[in-house]
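Sending over a structure as structure tokens; questions will come in a sec.
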Amino acid sequence: MSTKKYFGNWGGSFIPEALHETFRQLDIAYRQIRNDPAFWEEYMSLMSTYSCRPTPLTYAENLSNHFGGAQIYIKREDLNHTGAHKANNVMGQGLLVKRMGKTRVIAETGAGQHGIATATMAAKFGFECTVYMGEEDVQRQRPNVFWMEKMGTTVVPVKDGSKTLKDAINEAFRDWVTNMDTTHYVFGTACGPAPFPEMVSWLQSIIGQEAAEQIVRQHGKLPTRIYACVGGGSNSLGIFQRFLDEEQTELVGVEAGGHGLDSGQHAARLCGDDASAGVAQGYKTMFLQNDDGQMLDTHSVSAGLDYIGVSPILADLWEKKAVRFEAATDDEVIEALDLTMRMEGIIPALESAHAFVQAFKEASEMAKDEAIIINMSGRGDKDIFTIAHAYGDPSWKEFIIDRAEQYRK
Amino acid sequence: MSTKKYFGNWGGSFIPEALHETFRQLDIAYRQIRNDPAFWEEYMSLMSTYSCRPTPLTYAENLSNHFGGAQIYIKREDLNHTGAHKANNVMGQGLLVKRMGKTRVIAETGAGQHGIATATMAAKFGFECTVYMGEEDVQRQRPNVFWMEKMGTTVVPVKDGSKTLKDAINEAFRDWVTNMDTTHYVFGTACGPAPFPEMVSWLQSIIGQEAAEQIVRQHGKLPTRIYACVGGGSNSLGIFQRFLDEEQTELVGVEAGGHGLDSGQHAARLCGDDASAGVAQGYKTMFLQNDDGQMLDTHSVSAGLDYIGVSPILADLWEKKAVRFEAATDDEVIEALDLTMRMEGIIPALESAHAFVQAFKEASEMAKDEAIIINMSGRGDKDIFTIAHAYGDPSWKEFIIDRAEQYRK
Amino acid sequence: MKLEKIIRQRKADKDILLMTHIVLGYPSFEINREVIKQMVDNGVDCIEMQIPFSEPMADGPVILKANQDSLTRGTTIEDCLNFGAEMCSTHEIPFLYMTYYNIIYKYGEERFLDQAAEAGIRGLILPDLPPEEGAHLCKSAKQRDIAPIMIYSPTSTVERMQELSGHGAGFIYCTARKGVTGSHSDLDTEFKNYLSRCRQATSLPLAVGFGIQNRSDIEALIGAADMGVVGSQTIKLVDEQGSAAVGPFISRLRGTS
Amino acid sequence: MKLEKIIRQRKADKDILLMTHIVLGYPSFEINREVIKQMVDNGVDCIEMQIPFSEPMADGPVILKANQDSLTRGTTIEDCLNFGAEMCSTHEIPFLYMTYYNIIYKYGEERFLDQAAEAGIRGLILPDLPPEEGAHLCKSAKQRDIAPIMIYSPTSTVERMQELSGHGAGFIYCTARKGVTGSHSDLDTEFKNYLSRCRQATSLPLAVGFGIQNRSDIEALIGAADMGVVGSQTIKLVDEQGSAAVGPFISRLRGTS
């Protein structure tokens, strides 16, 4: 097996010369683990003792009845250690780093979930760790920063550009280009230069493998549709890959519609007309950029989805129409979150709630013997500051003001 | 099988006459599920699809090496849906409520974990739900209150007495005594009038059953010691019960030492000399009370352990010396938490961190082929406000003050 | 004389008796003293004195707060027992203690009962001590001519009532409704049916409490019960208008003004 | 004339050449104009003009900020191309464009190269376009006498250097160290070994950049390299002391003052 650099017209490896050798070695190491069944076994053993793989597939009986159509199942990546699917990728790369003999890891983070997962992995494996995080995301996800620091990670707020994920990625590359000898860059999603898109998707593919087995066991047959939110693309590819050749299963990726596709304030790259082909952050994909090729500011209520690019693997699947793409607006997301909490006692991350939105739009039109799976990429507790804020909850505000009073003294 | 009302000298059912009939029916219903293998099956199926049972047993390699003695294993109740062992009890009682045909549940909560779990269960089963929470605990655990409300639960801050767990329990009883026809009181720990201590312990016993199997599979033999924190006693009994007849396994319960056993500011009922036998909140146990039988104010950094009483089953095991009891101070807890985060990438709840303290004190004196299990009853994210505060983290304070500024406008 | 006998004697002249309730040490023993005097002077037949407890599980907000305030002011059991003894020797009517079981458990059952008996206390109400748990205490109390007052609830079955009756003495305390002390009760047809079930189940006199607030509540009980019990209402009255308001309130309740 | 030839001719009279760098539109095209004039007047041999990009992955803080400020002020590619054409026709020395690949990809490779060639641009530096991805662009550029400048890094193996040399033209840009632009580099023995590896791998002239800040850095390069590249340092200078400070700085670097 050799690493695929391109997926149709997308992907590649647009990296500074200083990283050429690093990537060559990474590619070799990746091919070794990919071809070594012992690696996957070690990975599974780690994930089933340190995290709780297989994560359950929950039948959402109340939501199913509420919409009166398809039977709704939820794949529970939120129950992973650290609360999201990000752990799958990170723990796998942790094992890889150990094999490569490096001693330090760096990562970018948007929602903070990948940062938390990386900090956790670094603590577990005894690596030094630095996480780059856009300053705006530091504001949105302060609790995550606190925990990363407590696990011994240095969190560097990135004050350049739009102060979000893309800027954190640039900054991580700047670090890597300086410290490649000791350091591995734990890329957080299925983007970036090869072999990252393929490697991250592979490590996440466990989601779909489990889900296929579980849905057949619980529902008796494969699902009609699978919904996943799309930031960089790792959780969606994680669940989609297993079903790519299954004729009866339609795959639906849901992007951040922000204030609406017409508003200019969103992060939809594969649906809507605002993105175009480009090359940045080491790879070629559909980017939200202006006519000059300058990247645009994106917007989403969820810090994990407002990214300018998208996995080249998804861009290819989009072009080949193997995956359908939709967008969910901020308001729809809060509504779906609300319904899910009240009906099922489950709190999806704001990112994941995007997938719920689209599933809810379509479930009632489907037959009762059909099943759909929503990939719940993470849990929403981490979003308390954003969600409580979005609700405008008065007693939350009062609580924060009270706390601040104590701290002022 | 009939319900045991007393465990040695402890337990009983000291309830107002208005609840006599309710308890009679509850007892019948409990005996039915206890004798019905189909119930346990349904319970297991729910817990393995809605939560992620079996929860993993994690080998803490770094901590083991750090202390250089016993091999340290951590039972991961934190990976349960809603983040603590409380889910086990609550989901089981949810199934019971469905069988009894009641439509409303009430609960007390201290740390908020039991409240969250009950709110979640109520959403899932479609019950109305009211949670009573001491006003002081509402302050300490505001995020939990937010999520409970979002799941459709009414949270009532209790302003009486010491404004903590015991007062919430009194208030829940006042509700129950009024609304027993429609309402089940989901008691959150292995305390209260019979059949609660036995029923809750039974539902939690899944922890120890899994752990016994896992430790033999992973370590080759049973553990030398098991450590669990003791609030009301449900997580400790959950893991202890399976091992009560195992000669080679010593069971260690860790109570909240607060500012020290001599300080008068703690919640140690079974170690230390401040507690005495008494009857309150419906049962007889060792209570922290003065010579007149008035309950004392307790203190712990963790909202889930500062309770005046303790499970009558534990009081009995204490009297019979079947379980050893120790206490961990607030300061020790923060230190153990710190070490665990940095070395293993795991964030125990403040409650659970008490068990870690005692395990850390003893691990190095044990042989390398011995194993110990720490029951990690819950995850610490929920405690961000308390933990960040305990660390005096300046950037956290700044963050809260900034947020408050926005809310003031 | 035994409590039941006293009740029956008093009932001989009246269509209904009146029991009132105070929380010891709230707002102070001094005011307790004044309030009790006014109660007795205005024809109350029986008084239950609540020894405060930190966990008054069966009490509503008014009495709950009174318990806590009294404790915060430093009230001890010793104070309560002394005050009880003083009242018994000052006034002619029967006095009862009401409290939660832990108070007695901690103090020592025998020791408590001995002191209460010596002081002349006629009965004991313990809302959290069902006879399953308190059979021994009931017996010890009866041996000292202290009546263990059993409580009936609208949820009690007839069999249960009969069983309770066997343990009790003095009278039966029928709670007018489910719930805790304090809020007003509807004394409707369902209530009347409940009271006649109570009558069937026991030969002891029946007192009715929980939410009895005014003369018309008392009137509704005439014929169906032997005694009305007024609890939270007097505490509220003293809180709002001072102890001097108690006399007129009681005489209104008695229908004598 | 081809860039390599120009470089070699200029090198004939000098012990070392000097290339400088500016970010187009930062702080303004007006100041770019003044700065370039001072550079040319004080003997700079070659100037790379960076077309700003929103994601300058290989640049350190000074140039990063300059890129962003320029874009915030509204700089477009069109502006940059026009300005480049103006400089080529105003000054005698060779001008290069430095930018990131997306700028050209979005603009259209052929269209960009045609305009650059017509303006008289002599070379192109694209730090994120390795020849694996840019072979076609390199060829197209060469066809128009625009030299695709290859970059060597201390991490490059000799084989890799040889491979790169085959794709490049004009000169090789050797980064003095790992990392991004901006901070000072140690021009030590290890560095000298690296440069001699570079020499062995290519017959093209060698330019050395990244952290060249003063005359003694330049002196250290004499004999080992053909050209020193000064980047962030002039931007800082203009930020702090204005464009008038550039002339004296350059002449100090050149050792002529």
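Residue numbering begins at 1 within each chain, and the chains themselves are lettered A, B, C and D in the order written.
The rule is short, and it goes like this: a residue touches a chain if its C-beta (ideal position, glycine included) is under 8 Å from a C-beta of that chain, and two chains touch if they have at least 3 such contacts.
Keep in mind the model is a prediction, meaning the values are calculated, not measured.
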{"item": "Touch-network distance, chain B to chain D, counted in steps", "value": "2"}
{"item": "Chain whose average C-alpha position is farthest from chain C's own", "value": "D"}
{"item": "Whole-Å separation of chain centres (CA-atom averages), chain A against chain C", "value": "66"}
{"item": "Between chain D and chain A, distance of the C-alpha-averaged centres to the nearest whole Å", "value": "38"}
{"item": "Rounded Å distance between chain C and chain D, as computed from the means of their C-alpha atoms", "value": "97"}
{"item": "Category of the chain touch graph - line, ring, star, complete, other", "value": "line"}
{"item": "Which chain pairs touch, all of them", "value": "A-B, A-D, B-C"}
{"item": "Chain C-touching residues of chain B, taken from the complex the two chains share", "value": "12-22, 160-161, 166, 170, 173-174, 177-180, 276-282, 287, 289, 291-295"}
{"item": "Residue numbers on chain C that touch chain B, as the complex places them", "value": "53-58, 60, 64-65, 68, 71, 76-77, 100-103, 105-107, 127-130, 132-133, 150-157, 160, 164, 175, 178-180"}
{"item": "Footprint of chain B on chain A - complex, ascending", "value": "48-52, 55-59, 62, 76, 79, 81, 83, 119-124, 126, 139, 142-143, 145-147, 150-152, 218, 338, 341-347, 381-382, 384-385, 387-388, 391, 393, 395-397, 399-405, 407-408"}
